[in-house]
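Remarks on the structure that follows.
We just call them A, B, C and D in the order they show up, numbering each chain from 1.
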Amino acid sequence: MISPFLGVLFDGFAYGMLLFLLSVGLSVTLGTMNFVNLAHCSFAMLGGYVTVMVTQRFEWPFLAALPVAFLSAAVASVVLERTLYRRLYRASDLDQCLLTIGIVFISVAGAAYLFGTTQQPIQTPPYLRGSVTLGGVNLGVYRLFLIGTALAITLVLVAGLEHTRFGAQVRAAVDSQRMARGLGIDVDRAFAITFALGSGLAGLGGALAIEIVGLDPAFAFTYLVYVLIVVSVGGLGSIGGSFAAATVLGVSDVAGKYYIPELGAFLIYLVMIGLLTWRPAGLFGRR
Amino acid sequence: MSAPVLSTRRLDKSFGSLVVAKDIDLSLPRGVRYALIGPNGAGKTTLINLIAGVLQPDAGRIVLGEEDVTRLEPEQRVKRGLVRTFQINTLFPNLSALESVTLAVCERRGVAGTWWRGLTGYREEVDEAYDILSSLTLGAVCYQPTRELAYGQQRLLEIALALATKPRVLLLDEPAAGVPRDESTGLFAAIAGLSQELTVLFIEHDMNVVFRFASRVIVMVGGRILVEGEPSEIAADPRVREGYLGGARHG
Amino acid sequence: MTSTAPAIGDPHRCLRAQARWRGIEVAFWLATPLPFLLLPSHLQLASHIAITALFTLSLDLILGYAGIVSLGHAAFFGLGAYAAGLVSKAGWGEPLTGLAIASAVAGLVGYATSAIIARTRHLALIMITLGLGLLLHEGANAAHWLTGGADGLQGVRMWPLLGRFRFDLYGYTAYAYSLVVLFLMFLVTRRLIHSPFGLSLRGIRENAIRMPAIGTPIRSRIRAVYTISAVIAGIAGALLAQTTETVSLATLDFQRSAEVLVILILGGAGRLYGGLIGAIVFMVARDQFSGINPQYWYFWIGALLVSVVMFLPNGILGGLAQFRPLSRRAGVPAALGQRAPGWRASGILEGIAQLTSSRRDKSS
Amino acid sequence: MRRTLVALGIFAAALLAALPANAQQAIKIGLIMPYSGQFADTATQMDNAIKLYMKQRGDTVAGRKIEVIRKDTGGVAPDVAKRLAQELIVRDNVDLLAGFILTPNALAVGDVSAEAKKFMVVMNAATAIITTKSPYMARTSVTIPQLTETFGTWARKNGMGQVYTMVSDYGPGHDAEQSFQRGFKEAGGQVIGSVRFPVANPDFSAFIQRAKDLNPEAIFVFVPGGVQPAAIGKALAERGIDPKKTKVLGMGELTEDEARKSMGDASLGILTVYHYDHNHDSALNRAFVKAFNEAYGRNPNIYSIGGYDGMHLIYEALKKTGGKTDGESLIAAAKGMGWESPRGPISIDAETRDIVQTVYIRRVEKVGGQLLNVEFDKIENVKDPVKARMKK
């Protein structure tokens, strides 16, 4: 009886890591720049489509496609940041919502126009398929890969924020923009890079998500809700928070479906409401 | 002196290891003008937050008249006549001064919850609000959105809002904060002019103002009451001298 | 008009001036019956616009006036729709009673949930409204026996309105019905905005910290307005169910919640007419775009939203209001387009703002 | 003042839009489909087939031009669908309504068809009861029981003793579950368990683990087409469920082209039931698939065939009525009409106005290095069992 439990735990964790990759970027941009970027999942979707294109049309290996997904999303986000977002940093958050929702609409229509409305097929390389059995627990290889990637990224991010000069600048900028500026930190640049980084991660998440949840133009909408849930439960601007939240939500979602399927659809929302009423600022929230 | 209108018994409050209030015993009789002085970080504002109910004390009681209000919500204390103002303007930027005060009056008269009757139907409330504003020389500007008022006028509006609730005890947190000295005297003249029924506790750094307007003075240091007494006694008190007045930073 | 402050000593004139009906408002409402004459073939659309406008109005009440951002408002719309639908399915197809029952149901649930709403703020509040909405959606899907699940509620049949007017193919009855209800609800809302209660709501939105200090029990006010808003949303939902004789999970959809939010922001929140203008612009644009380009009309809607944000900050009315600086002086939120700029709903940013301000408090 | 202008401007815009395309003697078909949103692709595929048919057969029938007006419901939205139908009739005065991917929308528009006495052709929506909503309605797609109940019986007859069913928790899913179980039980089989997963369900692994724990002889799966087939197929493989040992049964969606592509060899051996596959072996179909690929660079699917046959029904009915477009004559003409479709012989049941067709059992096999749905068994002239029972 223990092995299925571990299996569930594993699947849940893997799913959680997927959510984490998709949402950590938004959490950071929201927490640092206070910018309500509902178009976050559009960057994820972009990453997904780039991956499909690169692997299908140019027949690159899957792994080589991932960095491309990251970069393309990052670049796209910088372009948007320069052209549109920057003008709205001071605007009301409602205006920011409206702008970014508008961008989601455009991206959805754009994806449908460019790539068609079909489900995008993705062929992961053989060595990422199937599953291995460890101590009676059946582990999907791809999920192992997913978890590995997510963990690696978390480490890099945390280390980056804690131990690099840039990280210090960002943290300073978060605490008090004015003071940071006073210290001669180029806050705008710091934010631009943070933003690109966050969107890049979303792009990577989108690329990795196809194998598990598929990809079509509706993606930018469908996953917005999940991402928002993770961000709010985790607490704004907290990488650790997003990580914890994603894990909790992923595991409870999968476990719920396994043990009480009747609650399958409800559980993730119940958990969210529960956690938020318990800690309105999120698990690792600063407020 | 008559029975105290407001009294506190052994109030304690600490944030983690930082003790911001310890064994605070106060007892304010009706009609007095109490000044609360002390160096920055002495816990003056914290004390006001405790009395007003913004903060819950870790221990101790707060008694208003006969009633223990220690566990009441801030708005419930206001209803009972225990009212405070803020050191930093805490107003309604896009409401006109008239609207703001009318709102406060309506709240006191318990009509602010009615949504089926137009505001214009409440002539008395509006008149009262207008009178309060005029009495504080704000009559002429009361139609402008608050954010367009001069800083000094906004400080007065702080008080006007408090008065509109017909307080028995008024807690003024640095009413003259940021107001140039010459103006601040006028502002305190207005405070001094308030009804003698009203008990006032105000935080102020400017000793001249304190000694001119306060009937009694409380000195706080490090979250404790150092000494309480007549202005003259305080001025004379050696502990206060070295502990505070000495290299005292005014304002 | 109100732009110049009245003579000193007459506060009543000023307040009355704020509550007074403006010519522009009258003109707007006089224009609403025009479709009967000019666009008889568009009455179904007009009816849907009126219903959407009513729904948006209900959201404006909590978002624009009490600063509660909700991403789950469709819950009440759907509740109203299902309530009305079930009443008719149960054999009682009389529209007005159905409307009443629906509003009651929505109101009850609204009041029940308002307890949580009044306790939370900022992102948590948004997400909890979202969560509740999604839960209800899943619940309706699961309760197949009652709601018909994903197939939608079958067998909704309305009796003629007032026993005389049946809901016709052209939508004469539908639009007349929706429009009248919208107007009545608008009158109620308008009165509410200009009442002491409305003033206290604006107070909460302007400065939630000060309100307790002047004796306002914020939570009970929020619960009250949230319930009223739920009632109105429920009525909107019921109208849709009755005029179309269809009820489906779509009425509870997250999309619907998001859409009504978009419509409100598009029109301009906290302006009473923002929701109405937003509904007209959005629905007409959508009808036209999707007619011209059924597959990619999303693109054009998106472009519309982006350009509005770029050129008309704070929504269409908010943006237009900029061009009439005088109107700001009066600071009358109720009148069309009038509300001082720089205002923001208690959203995520608000949280940060609160943070810094509280910091300052401590450093005294 | 500006605001009045805005308001009036908007009304003016609406007014201009309203001016009805001056009614020439064209026959107008109103197509109501979810062109945008998560069902966009099904609409696209159906629309492609409709365009193809009109290209092949010309756009004039019985001397009258055929004009198509397309309306988007944006997904499941019966209220919108109904409004669009009403507007198509009063605004664009169309002669007949067609399309309908989604059951709720079709049901809602059924009322309009009945009230306005307009011929209505359902080209996909597959819930059994739809056609009962209007006497002027015919269907050229399929009904879920038609497939799954037949499949249940077939599965039992072909030696499967006990089965576990897993379906999406919504109308069609319930239909599939119930009718499959019914067919299977009535043939003497045993259902050892069943689960319904939420429609919006990103991760299937947990549910599949449940099924695996019981280790049944066969698992019947139903998920809506689109994202999910591939996802669940992969999850099955990942959980180590081997179609060769545990039989995996499903409706055709499960092994659609995209699904097979992304599942890869994991899809080998999955058994599905369907009424059409572009791999179906007949001259007519080869021609159809060829033309479709030339036009749109992809294979047709069931939505395409539904649209294609739907247009055929409309064209033939119009020929029969000599261009008369009132609901009575058109539905009368449609009743009992039969023809050879790329999917095989089909006909419109004279009583139920629903489709009668051949149901195919297929297995995913590698043919020339390509994964295909290979038909290896079929049941002919299958009517919708639900309505058959209604009559009793």
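Of note:
Operating definition for what follows: a contact is a pair of C-beta atoms (placed from the backbone, for glycine too) under 8 Å apart; a residue touches a chain by one contact, two chains touch by 3 or more.
Only a predicted model underlies this, so the values are computations on that prediction, with no experimental measurement involved.
Touching chain B and chain D together: C. Considering every other chain in turn, none proves to be in contact with both chain B and chain C.
Among the pairs C-D and A-D, the greater number of C-beta contacts is found at C-D. Placing every chain at the mean of its C-alpha atoms, the farthest one from chain B is found to be D.
Distance from per-chain Cα centroids to the pooled protein Cα centroid is smallest for C.
Centroid to centroid, with C-alpha atoms defining each point, chain A and chain D lie 35 Å apart. Inter-chain centre distance (chain A to chain C, centres taken as mean C-alpha positions): 32 Å. Here the spacing of chain A and chain B, counted between their Cα centres, is 49 Å. Chain A has residues 109, 112, 117, 265 in contact with two or more other chains. Chain contacts: chain B has no residue touching two or more partner chains. In chain C, 138, 141-142, 255, 295-298, 343 are the positions where the chain touches two or more neighbouring chains simultaneously. Going by the touch rule set out above, the chain pairs that meet are A-C, A-D, B-C, C-D.
Every residue of chain D that touches chain C in the complex is listed here, in rising order: 1-4, 6-8, 10-11, 13-15, 17-18, 20, 33, 35-36, 40, 43-44, 70-72, 74-79, 82-83, 86-87, 89-91, 103-104, 107-108, 111-112, 115-116, 127, 169-172, 174, 198-199.
Against chain A, in their complex, chain D makes its touches with residues 36-38, 40-41, 43-44, 169, 195-198, 200-203, 205-207, 209-210, 213, 226-228, 230-231, 234, 237-240, 258-259, 261-262, 264, 266, 298.
Of all residues in chain B, only 40, 44-45, 52-54, 73-75, 78-79, 83-88, 90-96, 98-100, 102-104, 106-108, 111-120, 122-123, 125-127, 129-130, 139-140, 142-145, 147, 161-162, 164-165, 173-174 touch chain C in the complex they form. Contact residues on chain A toward chain C in their complex (touch as defined above): 30, 34, 36, 84, 87-88, 91-95, 97-99, 101-110, 112-113, 117, 221, 225, 228-229, 231-233, 236, 262, 265-266, 269-270, 272-273, 276-277, 280-282, 286-287.
Those residues of chain A lying in contact with chain D across their complex are 4, 7-8, 11-12, 15, 109, 112, 116-123, 129-131, 138, 140, 142-143, 211-218, 222, 226, 253-255, 257-258, 261, 264-265.
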